[in-house]
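Would you mind keeping the following structure in view while I ask a few things?
Should a chain be cited, it is by its letter among A, B, C and D, assigned in written order, with residues numbered from 1 in that chain.
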Amino acid sequence: MRIGFIGLGQMGSGMAGRLIAAGHEVSVYNRSPARAEPLVAQGARLAPTPADACTGDAVVTMVAEDAALETVVYGADGILNALPKGAIHISSSTISVALAERLTADHEKSGQRFVSAPVFGRPPAAATGQLFVVAAGEAGAIADAEPIFAAIGQRTFPLSDKPSAANLVKLSGNFLLACVIETLGEAMALTAKDGIDPHQYLELLTSTLFGAPAYKLYGTMIADRAFEPPGFAAPLGQKDIRLVLAAAEALQVPMPVASLLRDRFLTLRAIYGDNIDWAAVGALAARDAGMEK
Amino acid sequence: MRIGFIGLGQMGSGMAGRLIAAGHEVSVYNRSPARAEPLVAQGARLAPTPADACTGDAVVTMVAEDAALETVVYGADGILNALPKGAIHISSSTISVALAERLTADHEKSGQRFVSAPVFGRPPAAATGQLFVVAAGEAGAIADAEPIFAAIGQRTFPLSDKPSAANLVKLSGNFLLACVIETLGEAMALTAKDGIDPHQYLELLTSTLFGAPAYKLYGTMIADRAFEPPGFAAPLGQKDIRLVLAAAEALQVPMPVASLLRDRFLTLRAIYGDNIDWAAVGALAARDAGMEK
Amino acid sequence: MRIGFIGLGQMGSGMAGRLIAAGHEVSVYNRSPARAEPLVAQGARLAPTPADACTGDAVVTMVAEDAALETVVYGADGILNALPKGAIHISSSTISVALAERLTADHEKSGQRFVSAPVFGRPPAAATGQLFVVAAGEAGAIADAEPIFAAIGQRTFPLSDKPSAANLVKLSGNFLLACVIETLGEAMALTAKDGIDPHQYLELLTSTLFGAPAYKLYGTMIADRAFEPPGFAAPLGQKDIRLVLAAAEALQVPMPVASLLRDRFLTLRAIYGDNIDWAAVGALAARDAGMEK
Amino acid sequence: MRIGFIGLGQMGSGMAGRLIAAGHEVSVYNRSPARAEPLVAQGARLAPTPADACTGDAVVTMVAEDAALETVVYGADGILNALPKGAIHISSSTISVALAERLTADHEKSGQRFVSAPVFGRPPAAATGQLFVVAAGEAGAIADAEPIFAAIGQRTFPLSDKPSAANLVKLSGNFLLACVIETLGEAMALTAKDGIDPHQYLELLTSTLFGAPAYKLYGTMIADRAFEPPGFAAPLGQKDIRLVLAAAEALQVPMPVASLLRDRFLTLRAIYGDNIDWAAVGALAARDAGMEK
């Protein structure tokens, strides 16, 4: 397929690389073009503007947040003006439900197709095509996009014909990860203050009830107090909780643990600044217990 | 070894059965003796009182709560009066940290040894010797008790020479399970209110980020609203959160999600009564969202 | 003074009436002009557009929310285009801190002066000039506006030269009122479930420690379950908590009780709808205690 | 009347002094007898044991907590053994609902009468007979005790024939005071971080919506960060919240703000120790906002 790819951060670079490796004809765009060089070396064409990445069958966007996606979609050189009728915009960014709904309506008016396809997985999974893809949108569009999903992911979960449903699921997944961080943080503060070694405790938890990788990953970061440099920075985690709460408000669903996380992220940034991993939320229970400053 | 076993509920019966199967000489006591019959049929000796189960090298207790354990330990016919000097009381019940500390002191005064050895796992794991055993106490006592642990569990985690540490770890594990219930309940209320099928959602979560059995087990119960009859009844779950909070208060560790769970259990029992699984906490977010009464 | 007045709800009508009674020359604008009639009968001039209310020394706005104020300010016939240089826009609505900041900047660019002057008090206080006025903005502008404040209020609190500070104070005041509702609701659920008569309980509280009118007012509504028709509707209360949380997020101040209130309002609207007084938040603790549906 | 008075702390000394001044024949007991001297100088008789204070028509107890009251009631030289049949034990301490229930039953068995009569007010009010008395118990006993209440208080609120109801009301009142501290703390952190002067802010609040003395008292302490030496020490405040939560658990009433306060007190003591006023809970929101260590 002829595919444009917009947004070459750690995740996007890996995903675009997989598309090239799978034999697709890929045009890449990034705000700072230097990040495109390795992909050009692999055979991608450099697109100087978002519009230049919209000449094929589909364009994939993988950017940091709503504002960035609005820029590449709604700008003068943006996707909405450039994408051919019938072509597909595949949005993999973690964006708000509200923006997904707006994009659905606007692409439909423009005769384009829109699929929300956020992914679960971290940069190494992106680089090796091991992501999980949650896809929502019109069934035909999802089917047409399947070669793309096959290149970037180990499995596709077709969810709904309403694109924003995939965004809600993605946000809820990040909420559940943040819950692991918070609740592990509380349990580890409790046991550590009693003198139990945190690594031994974590080994016990993850060998028995809590084998899921999130417990191992975040538990180790909490035990080691290894939050810098950030793998996933606090402001991004905070953004996701903000989007979860916005969706929950629109749907009128009270989520008390999400509200707690909202406050935790405010404390985290007020005290430790922005250049810290979101897993540092898991150190706040210990702080409140007087175990650290 | 010659072993007494006190407390023949679903968990205790399975564990005592494993000890018999492993060739130990087992005396069994239960408040209502009828529950002892199947074990007697397997070769156990019936002990008419707790004291009668205290004639060997060790006695294992597996009862429902602090009060029950206090009765079998401190009663006139209880363990403290009957257990020979040097013999080991292995306490596998989910009890308070405070009671574990008291038992440690009292057994030491009586020249007996005390090991806290709570277990992770449900009745089927108990019946097949697949429990995880968290053992804390004097190292020699843990070593001497190892044949018992080997019979009932798939792995022993020696934790500390302070018995109560094992109880704290057990309680913290149950806290983390309750957190899975609560946070899944919030995420499932959010996505279900948007029209996403809960089983499809759960399949997606457990196939990707949250493979740990707790997510599958409790997520399915929440999706099916299958809370009766209870596998683990709400009052027992509430008791565990109460004990977590008591330990957290003693250690001065604020645990906001544990506090939330405390309130959730009060609501659960006030509205649905006691004969319901603790997983029903996971339906309360949906209730607050007006999705059910 | 020659004064325009925009927004003739229960509060605005009372305030405009006081300005007329004080001898000012008042032009009134309301989206639905019927509400202007009583004031015209008292001597006001009817302004057909917001711009028509901007021909004097000052224009006062008292509308329901950010969007309504944005319309009257930024519309083609709006205040920003019409107000003479040097004239004052006095904003008494309960709006966001962010909008106050934006208005401050935009009026400055247009050579106009801007004062935030939200008020404390309910419609009867507005009708009798007994409001409390919190005024923030450039000192000279506050001084020039004093005759207006004197007509509508019993006391003016000049707060800061930054207009948005007054909005933040107003929002924080509404937050504290909502806290009275929530915490009284909890205390009254507790005592009522023990069989204590809620009116007797309230009499005791308000005769001793809690004489402030808010306790009497909201406590009586909670005791009587008298929430309809709304005096201050749930969606407005929810909006204020939303604005408090937005300001708190911008300032990085975690406010756990505000977060709780956010969830309470979601539950309130999900279950009881929108046509209910915000004091009904005070009935939710009783609902969670199984005392009502 | 011939009255015994047990417990001569700041509150008790004032109350006993009022009884003497009103012409009653008063015997006083305190664990450390030095505190009785000023009252003996005023005409009281020194009782060497609690039993010695039980020779009249009534005995009033005003001690710090459940354990202290249990000692003076249930000890060998205690009230239960010594108080004549028909005489009244008036318990003014802030104790648990459960202990009040136990005392009710035990005094009834002993043929004595029991009235719970906790008071609202601080030491200066005790010294001047300006307390508020919440009285619950059998109506005849309350009537017989009225001369005592008249001497110590400005008003008596007869509440119920169930003594523990008065204790619940007292605890709920202290809960509401703690709520004032917490919510003022949040509002003051919010406005102070925006640069608003806390004293000016407080003056505004207490001159308008929140005239109740609690807002003035605690708001000033928070604005001044004047928490030492404690007027009402953190461990006592924590105890009251613990008793509220225990009563709420028994009645199955979830109280989320009480749960929050529980965690706040744990943080307060973990970080600042015990020798601090409970009003310091109102500084924790600012701490979480990074405004202080």
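Going forward, a contact is a pair of C-beta atoms (placed from the backbone, for glycine too) under 8 Å apart; a residue touches a chain by one contact, two chains touch by 3 or more.
This one's a predicted model, so the numbers in the text were calculated from it and none came from an experiment.
Both chain C and chain D derive from one sequence, and where they touch, over half of the residue numbers involved are common to the two copies.
Put simply, the chain farthest from chain C by mean CA position is B. In terms of their C-alpha centroids, the spacing between chain A and chain C amounts to 39 Å. A straight line joining the Cα centres of chain C and chain D is 38 Å long. Centre-to-centre, using mean CA coordinates, chain A is 53 Å away from chain D. Residue positions 248, 252-256, 260, 263, 266-267, 270, 288-290 of chain D each touch two or more of the other chains.
Touching chain D in their complex are the following residues of chain A: 263, 266-267, 270-271, 288-290, 293. Of all the residues in chain C, the ones that touch chain A in their complex are 242, 245, 248-249, 252-256, 259-260, 262-264, 266-267, 269-270. Taken together, the chain D residues at the contact with chain C in this complex read 120, 132, 134, 155, 157, 159-160, 162, 164-165, 168-169, 172-173, 175-177, 179, 182-184, 186-187, 189-191, 193-196, 200-201, 203-205, 207-215, 244, 247-248, 251-258, 260, 285, 288-290.
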